[in-house]
Structure formats: C-alpha cells, structure tokens
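Going by the order they are written in, the chains are A, B, C and D; count residues from 1 in each one.
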C-alpha cells in the first residue's frame, strides 16, 4: 500500500513528527550515476522557508542514501534512504490530539485504525512527499542517462481565482486564510509507445500519481474537462507528417496520449489543489466525544501549497515515466 | 497489466473482433450468492441497440461463468467467464488496417507493439469494458451480501454543452458528429475508514479506475476543479454530530473522502468524457506510409458514449469499493 | 493468488468438473509466433490414457485461444484461453461429498471456505495443471524466438524405491496401490545473470513453482540435500576458463545458480512427489459429522502421477525462465 | 524484487559494508504492541560472536524503528527501520574486488549488473538477513496478539554428516573447513484453513521463503523426500476425531498441509544448507581477466552457518504465517 510503481518502485515510510522519513527505491537498473547534489536540489525546492510565499518554518530536509550505490553508481540493488526529522516540536500539536480538524484526516484515520499519531498530522502530513521527491529525482537521472531527452515542467497556472499567483497567495496569507489552485504540467520528449492498454493507461497512472498527492481534488489531461462541450469534428487530432517525416498531430487535444499510450506529442495535464485546511483563524469543530470546540490558529503554515507542490508533481510524473520506460522495454520480442 | 485490484481482482482479455472477451475474478470470498440475472442485467445496460441514443448494432453480450461457482455460490476459487463475440463483421473494418484514425489508438499501438489487431480497434475498443461490468456486478453482490447498504448511482449530468442530454445526443447524431460530456457519481453508505493513506488513497483508486475507461479525459471528486478559486474558510467541512449522534460534516466539499479515507459522507465524483473520435463524416488523416488519405464514414457508431458508460462507471466504482472493503478488514488487529 | 509470475504472468481458473479450465497469459511481448500444434502437443503429453502407465480415462484437452493472437503472432495484449471439460461424470464422485478423503484437500477446503466443490476434487484437482502447460508452452516459444537456445529436460529418475520406473508403476497398479518418486530436471543454455538477489532468487522461484504442483513434497537444486554432509573444500565449484575462454566451473554442485543468479552452467534440480492418495483399495476415514466410514475404490486413477507430471515440471520451469528473462532485460541501464 | 509477502510485507535494503541495512514493514494492522526488547533479542540470536560455534566478529546489530509506531503500538502505517553498520573494515575485503570466489555470487552479480559492490559480498552477504529477523519478530508479535497460540521452533538436526552438532562444527573449524547441515522446523497452533490453493500453497510460500535464505539448497515438508519410496497405503493420513471431537490425522506424513492449506496438525519442514564457501584454507579460482589465482584465507568466518540461521528460518516462517493469517481473514464472506 505504501509502494508506488511496478518496476521502478518506491516504498516509503515516515510521519511528520517521527524520527525520520525514508524509503526504498527498488528496480532501478544498475549503472545510473547518482548526482546527489541534483537530488538534494529537488528536495530543497520542496522545503518551506524559501520565500514569502511559503511558511517560514525552516525544515532542513537532508537525504542520506544508505545502500544501492557504489562508487557513485546504482548497483541494481535497492536504494535505501532516510531524511531525519530534525525540527519537530511535538508540543505545538497537543491541541489536536482530541479534536477532529475540519477537512483533515484526523477523523478518518481514527475510524480506520482506532487511534492515530496526531503529531503534525502523522502519516497524513504532506511531509511524506519529501520521499517522493527523492525517488522522482532518481527517476529523472535514470531517464536522462538512458539517453532520453525528456523535459518535465510543472507550473502554477492559477492560484485561487487568479493567475497572479504571488499576489493571490500574499492576500490570502494576510487574511489568515488559504487558497488552492491549479498546477499544469507539460512533458516533452516521451517517445511514442509508452503506457499500457486498459487499466494501466499512461494517463491513468499519471492521474493516480497526482491524485495521491495531498490536497489534490482533480486531474485531467489534454483538453480535459474543457473537451466535454466540443464536437468530435472539432477536437479530433488529425495526423500528419512534419518536415522531417515524423508522424505528428496537427492539434493536441489528446494531450500526447491516445488509447492510454504516448503518441510522441507533448503530454499535458492539470492538477487541481484545494486550499489547505489549516487556517490562521478560529474554526469550529468537534472533539472525540462530540463536543463542539473552537480550534485556535497556532504555528506557521502555508497559505497555499502550490509553490511547494510543483516539484512533487514533477517527481510523481518522473516516477510514472521511469516505470513506463522500463515496462515498454519488454513490449516487443 | 491487465489486472485491476489488490485483493478483489479482475484480470481480463479480449479484442473487439476476436473469438471472445473474458476474464478471471480472483479474491472474491466464498459464500457470495451469484445472481446471474443481476450480472446479465448490468451487462445489458452497457450493450448497444437499446434506444435511439445508442448505435443500432445489436450485440448480444451473454456472459458464461466457467468456474468458481458451485450450487449458486462463490467457492473462493477464481471465477472464470467468457463473453463470445457473435456478431463480428471483420470486413467492415478492412479500411483501417493501413490508416491511423485521428484520436484513436491505431498509431500508438503500432508504435508500441510493431503491429496491431486492427479489426474494430482490437484491444483498444471499448468492447473490453463488458468484462469490467461483469466484475463490477460481482463486486456489488459481494458488498450487498456483506451486509453493507452501499448505493452507487452514476448519471449523465452534461452532454456536449447541454444538460438536456437526449436532445444534445440526437442533434450530434443527425449531423454525423459526436459529443462528450460528464458523468457524475454519488456513492452512499460507505462506512468511515475505507481507503489507504499515501499512494492508494480511495480517490486515487477511483480516479485511476475512471481514467482507465475509454474516452475519459478527467476526474475530480468532491468540490473538484471548482474548489480552486475558493478560500479555505469557505470550503472546510465543519464536523458536527447529527440527531443520532453520528459524526457528520456540515458541508461535503471533501466528497466523502479525507486524507484518502472515507469519512462516512456521500462519496461524489465527476468523470469527463471526450466525444468519440469515430465520425459519420469524412476525415483527413495519414496512412502507414505517411500519405494523406480521407477516411470515409462506415458502419454504425455511437454519437455519444455516455449512455453506455454509466454502468461502466458504476462497475469500476464497485470494484474499487469491494477491494477497499477487503483491505480494511485487516486495518486493525 | 491464482496468478503466477511477475512480468510473464499466468492467471488461471477452473475446477475438475466445472464447465471449463482456462486462463490469461499476460506480459508476453508482441511478435511471438504461436505454434498452436506445439502447445497442443505439450498438453497431450499431460493428458491421461496414453500408455499402460497412466489412467485409462480419456480426457481430450483441447486448448482454444480466444485473444491476444493476430495473424499467428502475439500482439502484446493478454492471451485468453479455455479448455472445456468434455467428459465429466459428476455422479461418479457423489460418495465424497460428505467425506474427507485421507491426504486430499477435502477437509482443508471445507475449513477454509465453509464448503467446497467436491466434484472430482474441484479446484484442488491436478486438472488445473493443464493451464500451466499451456502457459509453459508459450514461455518456451518466447524463449526460443528470443534467440536463446534453452533446453529444459525433465525425467523420472526414481519411482517408488526403484529406478525401473515402468516396472515399479505397474506393480503398484496391480496391487491397487500408488507410488511417488523423483523428477529430475536439467536446463541448459541459460545465460549468466538471470534471477534476482534476496527474495526472488532463481532457485527460490523454481522451488515455489515446483512446490505448487500437486503432490510435490520437496525441492532441491544442485547438490541439494546431499550436500549437507560434505565439506566446503569438497563442494566449492572452482572457476576456470574453458577452451573458448568462457568462464565455467569445474564442478557444478551449485546447480547453475550462485547467489540466486544463474552462472551459465546447467541448472539442475529435483522434485519429490508423494504417492497419489486415491487408492484402488478400501480406506478408513471420517465424514463431516465425524463418523468413521470406509471409502470404497471407484473410477480409474493413476497409480503414479510422475509420467504425467514431467511436462508440468517443464512448463513451470519455462514460465520461471521467461519471467527471469524479461526481468533481466532491465537489470542494466 | 526486494519485497516479501502479499499483505504483511517486508521491503528491505542494505549491503554488508554500506552505511546501513533496513527496511519497511508494510501491511501490519494497527494496534500491535511492539515489544522492542523482543525484536532486539531475536536479532541478537542471529549475530555472530556469541559462542565458540560462530565467528568471533562482534557485530552489534541494533535496530532503530523510525516510523509506524506511536505510544508503543503499530499505527497501521509503514514501519521503517534501520540497522547501522558500525564495524566495517572495507580494507579487509580488497583482495576480492578482482576475483571470483568459488561458490560465491561475485561472478553472477558481475554478469547481471556489469559491476558490483565487492565489499564483504555486498548485497549477496547474509548480513541482509538481519532485516528478515526484524520483520519476523513483528510477525510473531502480530500472531500472538491476534490471540493465536502459534509456536515456531527451528532446530539443527544435522551438521555435516553428524547429529552431534557442536562437535561437528568445532572439528570443521579446526581444519579451516566448513560444513552444512539441516534445520528442521515444527510449527504448532496454526488453525486449519490457512494457505491458498494452486500457486500460493502454504508449503510453496514456506519453500520460497526458506530457499531465499543464503546457502539453502533444499526444502521439503512432512515426509518430504523420504516419501518417494513409500506406498500410498502406507502414508495416507487417516482422519479421525480426538477425545475433544476435533478432526485430526492419525499420522502426519502431510506435514500439516493438504492441498496447500493447513489442516490443524503440526507443520513440519526441513531446510538443507550447504557448507559456507569461505574457507580458512587457500583456494584456486580465476580473476576477471581469466587468470588463475589463489585465494588466501583472511578475516574471521563461520565454519557453519546453521547456528545463526535458526532465527532466520523462524523469522521467515513467521512472516509467511502472518501473511497467510491476514489473507485468510478474507476467505469467507
């Protein structure tokens, strides 16, 4: 359940305020040069405290590789890694131990498991996404060193109701409120033929990957939800050959994927994020006994998760592609 | 790759114009009374030729169970089934063997596998969804006989740009064109505590399930894409207790799922479908050699897949829930 | 649970006296020419009634492929197949519905599932191995057409206490008794480098494969159980180079596998089979209510399963190797 | 590939001389009280330096749990753990970097991956079994707290050709040689009904588990290889009822498993180990270039792995049983 991928696999662990997060990256072929600075740089993109747009908490997420790398290269054996939690203040979270925070996972974890690690949200905290970023960075290195020129580029295209992202986030922050938004991602350089028919369509894997990220409420690809009021004659992507004789499509409503398999055009998708539920204003809720209580704002929190979610979206996309790459190596005799 | 589910699993096979479709349903507990009439009725909802809204082809999809059922009940062993293709006219499809139809999977299958079964789209045809409906019906029977009162209700809420579904489809049909639309689904009766944290969040599984259906371009749940321009203070779902003392939320922007786990409120999601790419009008494309050719309309095809997709959406949802049900039986000691 | 393999996978179904057996072979690359006569010939090796050594029942096991093959070649999509049961006489088995036959699975199935399909042993019957033979034949075709010269040769090296197999079986048959024995298998032509470290060692996969065959009680490879009273200095396989400069070992106590990975030497293993528990003489046992009853011999049964088990051992080995072959294609960048 | 189990799963990592070993235990239900002293005690049984029978190297294997445990109990989320390697002397192993040690995995890893971490055998070292012992201890705690009275008892029944284990090992050690032997295991208290038909038979899972342990050459259960020269009439296990009315078998040639499913009788199996290939005497072999070289003995090594393998056998058995326990909870409606 805590494993992602079929051949290129991440199995991860860790709570927000436990001793450490970490994981095992299994199935990475031997011979990939591990650029640890690149991995750390991806991780740094995710951590808070980097700009006025994110929480001022300073979490130094330092990844330590424990196995699977020798003389700078992957050995084909599993790559274990840890990220120690160095800055927990469990005391900060004592208020929530008996209370179900609105739109958090407190109540559902309790119902599922009978109790929960309430410190900082425990396993439900987005802190676990640090492990995804590590594995995504490895996936990027694999794809690059396999000679593929794949570019994965995620950007915030909407924050709250606005395209002026910075302004929208600062406004929400000032009001002690939060906003969501949309991250759009474009992937170029994926050859035609990746992805599996039926259940493991490439966009179904990308969708599952994105929907597994905290606070995500929706996913679409290509023309997405906007296609529903178009005619087939408007949005069919006509095949043609380009100047070099390559097969391309005149338009790209398909978002680079047809029948679940890449067609060589740019892969495009959108991810919708909700406003983070932790507000800097009082909120009504109930405790375990059903008493109505008022949650008081406490600590430092992001007014919008999107700036920090960009590298996570890219990491998940990279893992899906690395997996698809390895799988398609066996599609023909 | 052709297996769906972790514990309640469907492994399926079959092309549009091969001898038969079929599959193996594995992991269904022993003791479920198999109401074959109910299964067949679900299958009949999917088949064409039932109203003016769908193609007039008459495909009698008759499921035959081959194993795993004894004296009317599941035995705990795998349930094999077949649906023979009785009405193929391969000759109808000879035109497409050398041509890449716009927005179909012809080109991508060729790139992946080197060649393809071009008859009626082969494996990429939506005909494979018949197997999903069979497995979904079994999942429904399992959930019901487990004493759960779960209702899965999908409906077409938009066809093309309109909410007058019948009118929109007939108009498109008359013009030899096609339209997409939105199917909305509401599931009631799921207890709190189903779904797994992190990668296998309940909505991520539902999303992957829906995105794997032919022609689907997007998925969102709860407030979905509409949440992105709301404030956290507007869309946080406040917990309260109802008249019976049950924990409920005052609003349901979460769509019944928090932190990837059901919270007992109705689960709501939307699925966006594109217009089917097969048109009743000429279309430009290229053949295998890159020559520009014109596709002439031929045969009988749906102007809109949504009426037939409703039972498929429900079937996939049922399979996800049956799997989540079995998994959660092990969430506590 | 009814799926075997990681990339080259068989998911199978079927009871002894149900409508049909069958399965889905998934993960076979596109482009394998399917020699159906070869597949049927493997299946014919398994069926009874071929010589005085096996039961005189005549089960015509005719495999029908339903999908995944087009113009004689695999398409990369799942290969569905069925083998209809044409010769069941359920009436022959009514005696056992209330009785637990000694050393059969009657009691354990009842305990697990609450009831069982008692006709001919249901799912516990060795009849399911027909599906393994079909998938094993496909695996053989894949390996051969991948340009590998792998030879899998299983032979009966002991029947009862004797190496005169024919004589031993006929003697047991005459006495209405049964015997077990040993099948030894040698596989040549496997390149060095197949198999995975730790849990999925090549011999662990072979062992699991063989132990899953009905009536198997033991598995060893290389020097096997006989190695336990040897010194390391006696059984270490010294590396040297042969006349062509290839790395070989002077001896092969390792049985072609070191550290779970093939070393290019012949792979050798042994499989121990118990005497089939169905005897042609009265046996004491109890029924469901605990009453002591006497089972009377009935029907026609093998006095020794080994002659029919030879192609099953080879089929399982072929599936393990096909899987290892596909997996090792991704061991390096 | 480095994951063991279906529901109760260990994914592990680590090389002999890397920074650390560790893993993720996933699928353990919430609410198991984690007795860390018990886990550490199991680990201590495996480590060397405990008696004259094992190597005098002193490896303090201290497990650190990093997640998944809160207030002393499992939370249902993944349990990450590490065991740091504190005592490596990589210099000790420089001799082997260019040489293929007889009956080790040096050559096969090189062939598979193109290069290898040669320090202390890297991933092929039995040091990875420490992680298995940790997970096995958790499995034991789960089974116990589930109210089951399962006893798993492994013992050395033969070392070299002798039953006087201590004497045989000391004699081999004195001669700079090594011996193998047999570990026999008996498991009592497993209820009838555990294990899955066909591929995942309980003994097939036990067999795969045992065969995955370093140096294991064979596995059999119940009467095992000794059954092959018996008649069916001799070794059929007659059912009867005991004084309490429970169904038992008069004999137990089946080893507690019939048709792949436990029957409530003691489960018995044997595991054959080869002599460890590292000798305290010179050995001939070749290097990477094919030159004949002589390996000189160096360091401290076990003359027989069996004393340290006992807790590993028990740990793997416990994991198989924990998995079977969770799976069978879903065998009936």
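Here is the rule we go by: contacts are C-beta pairs under 8 Å (C-beta built on N, C-alpha and C of every residue); 3 or more make two chains touch, one makes a residue touch a chain.
Note that the structure is a prediction, hence the values are computed from the model and not measured.
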Legend entry - Superposing rotation of chain B relative to chain C, computed on C-alpha atoms, to nearest 5°: 180
Inset, instruction - Over half of interface residue numbers shared between chain A and chain D means same, under half means different, so which is it? - result: same
Inset, instruction - Consider the two chain pairs A-C and C-D; indicate the one with the greater count of contacting C-beta pairs. - result: C-D
Inset, instruction - Could you put a whole-Å number on the gap between the CA centroids of chain A and chain D? - result: 37
Inset, instruction - With chain centres taken as the means of their Cα atoms, state the distance from chain C to chain D in Å. - result: 25
Inset, instruction - Provide the C-alpha centroid distance between chain A and chain C, rounded to the nearest whole angstrom. - result: 44
Inset, instruction - Mind pulling the residue numbers of chain B that touch at least two other chains? - result: 1-3, 12, 27, 30-31, 76-77, 112-114, 123, 197, 331-332
Legend entry - Complex contact set, residues of chain C against chain D: 1-4, 12, 100, 102-105, 107-109, 111-114, 123-124, 128, 158, 160-162, 172, 177-182, 191-201, 203-205, 207-208, 211-212, 217-225, 227-233, 235-241, 245, 247, 249, 253-255, 257-264, 272-279, 281, 283-286, 290, 292, 327-328, 331-332
Legend entry - Residues of chain A defined as touching chain D within the complex: 1-3, 9, 11-15, 18-24, 26-27, 30-31, 64-68, 70-71, 73, 75-80, 82, 112-117, 122-123
Legend entry - Residues of chain C that touch chain A when the two form their complex: 7, 27, 29-32, 76-77, 142, 145-146, 197, 326, 329-333
